[in-house]
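Let me begin by presenting the structure, written as structure tokens, before commenting on it.
As written, the chain order gives the labels A, B, C and D, with residue 1 at the start of each chain.
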Amino acid sequence: MRMYHVVEIEEIHEEAKDVRTFLFRDSSEPKPGQFYMIWLPGVDEFPMSISHIGEVKGFTVKKIGAGTARMHELREGDKLWIRGPYGRGFEIIPGRALVVGGGSGMATLAPLIEMLPNADIVIAARTRDELLFLERFRERKPWIATDDGSLGFKGFATQLAENLLQDREYDVIYTCGPEPMMLAMVNLARKYSVGIQASLERYMKCGIGICDSCSINGYRVCVDGPVFHAEELFSMTELGKVRRAPSGRKEVMR
Amino acid sequence: MLEIELNGIRFRNPLILASGILDESGETMLRVARAGAGGIVTKSIGMKERAGYENPVVYELPDSQGLLNAIGLANPGIANYGEEMRIAKGGGVPIIGSIFGSTPEEFAFLARRMEEYGADAIELNLSCPHAKGYGMEVGVDKELVEEIVGEVKKSVRIPVWAKLTPNTHDIVGIAKSVEKADALVLINTVRGMAIDVDARVPVLSNRFGGLSGPCIKPIGVRAVYEVRAEMEKPIVGVGGITTGRDALEYIMAGANAVQIGTAVYLRGLEVFSLIAKEMEEWMERNGVESIDEIVGAAQRR
Amino acid sequence: MLEIELNGIRFRNPLILASGILDESGETMLRVARAGAGGIVTKSIGMKERAGYENPVVYELPDSQGLLNAIGLANPGIANYGEEMRIAKGGGVPIIGSIFGSTPEEFAFLARRMEEYGADAIELNLSCPHAKGYGMEVGVDKELVEEIVGEVKKSVRIPVWAKLTPNTHDIVGIAKSVEKADALVLINTVRGMAIDVDARVPVLSNRFGGLSGPCIKPIGVRAVYEVRAEMEKPIVGVGGITTGRDALEYIMAGANAVQIGTAVYLRGLEVFSLIAKEMEEWMERNGVESIDEIVGAAQRR
Amino acid sequence: MRMYHVVEIEEIHEEAKDVRTFLFRDSSEPKPGQFYMIWLPGVDEFPMSISHIGEVKGFTVKKIGAGTARMHELREGDKLWIRGPYGRGFEIIPGRALVVGGGSGMATLAPLIEMLPNADIVIAARTRDELLFLERFRERKPWIATDDGSLGFKGFATQLAENLLQDREYDVIYTCGPEPMMLAMVNLARKYSVGIQASLERYMKCGIGICDSCSINGYRVCVDGPVFHAEELFSMTELGKVRRAPSGRKEVMR
């Protein structure tokens, strides 16, 4: 399933501010953490994690630029051209798990959470409107953090996570979110000697491991990742600090 | 057994990473060196930073036949490339700096900078767009390429490789026009296109792209054979090499070394050590002790 | 639904048998017509009987990528071809007489004979060897092809199709030089070679051969798209068409009809009816009622 | 198994005047009546029926021109480049069978005969020296015919065969040999209302059904045959009469 296959959007759900889920059916068999390249012909092509797995699949897309804005204009019955699933997804480790999702990072983590019925969950965002999948995981009683305190813990996901790490024994942390947050989570994992898997996002062109545009310290996010494990993450001097522009030029993050 | 010397440069094996595949960042090149490549050609670097074309920039052909790409010469610009070269050099294998420009002077400038950055040789990417013609490449203009090679040769002391386009009826004529180069690299991608029937548009945002991978191997082997039949100059074969037999095919056509691009996708980073092993096995079975013994073995003169 | 008209000739579908594949003998052409082809191009016929090259003349690429062939323009000679044409005409589909020569006068002579034999149109095979150059084809010499087309146009009343070689950097320039033709056929085979590593020789007795089949499809689609972007003339697309989607891809690039060669090998003689069915299914699903609606649909101007 | 595979000649047997069998091993699985294209690099490529089937396979080659002469120079340990098996082989029909082989046509029929333990066999040739596989099928008590009467019946294979057809009831005839002989056998089959399968030989270039050089009345010997059945054979006006030169020009047979 490497070439484009065309799927029809069956349902569109409003998830949060500027975030929509597009549900479709196809026969590909993604694992949590894997992604697809979505092509909107004549517009753009960009990577998206799978946010719903099973017969009905989904992408949960935050509107941030021209491409995602055009995707938000699509209606039920419209088509998507997708190739994938690509990359290495999450590896489920036996034991007690903490899942920490920041912003639209929850899209990537959602299908993993469904496969980890006993995991503790932290859902974080800048503000209440941006919290993703509160409803979907209501019964799982997620911990909630907002930067502005508009819901749940007031502060960063990492602060809330550190509280949990102090109180409880975890075997592994799964995380996805803004890179500085993931870097902080990696540091926490080291501090508390807990395993960690983080799903990274980098600018992608080919999605199949040849163009080098998504590379971080020699790791290709598109095929070696997007999910990386503790030792790899510890070795990444660029994590949360340096990224590459579409030209390949290094630039300091935000 | 696989060791070769080319323009006085030692390569532990004749399997060199082709330009444009996993060779933008220093650390990725380091990794490719560790994976067993005998040498590395950098991504083609130009005067200025370029983001390249919009996505989609790559299209995969069915049945592992190859890829169509239109990356659009994305590159960080020569000024930003010193640090990547420094890191790449740590891999202990020769690093060939690939450059592209639009005038002989630009090529010469870029070559000098690459030499300063520690490149072991320069590769001239002559498949860049020609100022004059519709879809034409610099590399089909014999006078222009002769001048480019001449300028660059005057500007640097390291060897200069000229990488030719197959999009011509006269590869031998073009090869002869760049006689001053220290080696010829044959071939760059073949001009192609793919249209998505359901979308009713060309897939690549640039519409046209370069074809690479197994589907162009017969074209590359032919180009190497044709040029070798007329010239003694070292040749680096490239185009569709995926297995040890493919590499041997190019060598028997007349290549002294080969480059590998698309196969990195098809077989993973292990492709260099896999191909090296396949070549060694064939050589042992056939009593061949060094690559040089079989260079051009299939030439009938 | 698939019916088209081209140069005033009606084709029940746009799927024409390409020159050189199962079209030497009249009875075989009859069989191809019965198998569903919309039209048939004969093998290229020359002035004199030619046995062609020694075996091997065909080499199969792995994974159904295509074929490499060097048949060497084997043909019974125009004098012996009348009977085959008479039989082929019995199939009830248009028969296009393909011819090759080395001068405009030869082409004109052959075209007149083909017209006498009842050909519905003439196809000029311009990929025959050029007197001048090493491996060069007649079809890259713009002045020569212009003259050939001019002579032939003066000599016959039936439509004249010019079949172009892809072995050039300037397909658009060549297409413009044969503007007098009634239709352009794009593309002939791509020059290639295969070496058998164990035998250490080129496989084909002629060493070089023409690449056909799926591996050249992106090259053919590109050629059709480039020429259509610049010219209004009818185009017949050929190169690697194996499925209904492939045919539609060429049509969207700008072809008014297509030819099928190697796929006759890959899918058998049923290939015409299979492709027709695949096209019809797609057209029904997408509300397209005639081929003309989608000719050039992928052009972005 | 379409590309060339290289096989090593393990044994060479002298079979008759100018006829040798080359035995080799490979993993292809030919059926009786199928053929291979044999390439002698730098020399020639030509079609050969499989004459021995099983783990050890064989080609039985009559020296008639430059290519087969070079093949006769090969020694044990030398290599052959072959592609195949190609074409449609014999179809085994239940019932009483008569197998009629003329000259080197016996090479094609031999593996079929081994699968038909009750078939009657006619081995024919111009003269005693050219009779093929007398030893191989000794226990099968073949009928023998030579044009010059140097062994067995004096006369044509077809005359001997007609005698048998008059005496016995057959369900099917399998034949291979010179085309005029096969044409006569086809006429006999019609006359005596017996089924027939004949394995034809025509000048071959591609061997894979695209070049049209082996065609007879629109049938491609390389893929539609080389074995043809009664109705097809009856329809072939060119059988035994007209063949095509390598140029494709029709020529009258001998």
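The rule we apply is simple: contacts are C-beta pairs under 8 Å (C-beta built on N, C-alpha and C of every residue); 3 or more make two chains touch, one makes a residue touch a chain.
None of the values given here were measured: they were computed from a predicted structure.
**Student:** Name, by label, each chain that touches both members of the pair chain B and chain C.
**Tutor:** Chains in contact with chain B as well as chain C: not a single one.
**Student:** By mean C-alpha position, what chain is farthest away from chain A?
**Tutor:** Farthest by centroid: D.
**Student:** Cα centroid separation between chain A and chain D, in whole Å?
**Tutor:** 67
**Student:** Can you compute the centre-to-centre distance for chain B and chain D, using the mean CA position of each chain? Integer Å is fine.
**Tutor:** Chain centroid spacing, chain B to chain D, equals 51 Å.
**Student:** Nearest whole angstrom, what separates the Cα centre of chain C from the Cα centre of chain D?
**Tutor:** Each chain's C-alpha centroid was found; their separation is 36 Å.
**Student:** Note the residues in chain B that touch 2 or more other chains, in rising order.
**Tutor:** Those would be 62, 198, 200-201.
**Student:** Chain D: which residues touch two or more other chains?
**Tutor:** Answer for chain D, listing residues that touch two or more other chains: there are none.
**Student:** Draw the chains as dots and join the ones that touch; what shape do you get: line, ring, star, complete or other?
**Tutor:** Basically the chains just string along in a line.
**Student:** Which chains touch which?
**Tutor:** Contacting pairs: A-B, B-C, C-D.
**Student:** Quick check on the complex: what are the chain C residues that touch chain D?
**Tutor:** So the residues of chain C in touch with chain D come to 20-25, 27-28, 30-31, 43, 49-52, 54-58, 60, 62, 67, 69, 71, 74-77, 80, 83, 196, 198-201, 203, 261-262, 264-265.
**Student:** Write out the stretch or stretches of chain B touching chain C in their complex.
**Tutor:** 61-66, 68, 133-137, 140, 165, 167-170, 172, 190-195, 197-198, 200-202, 207-209, 211, 214-216, 218-219, 221-222, 225-226, 230, 245, 248-249, 252-253, 282, 286, 294, 297-298, 300
**Student:** Which bits of chain A are touching chain B when the two form their complex?
**Tutor:** Against chain B, chain A makes touches at 2-4, 6, 37, 39, 41-42, 44-46, 79, 81, 83, 205-213, 215, 217-218, 220, 244-250.
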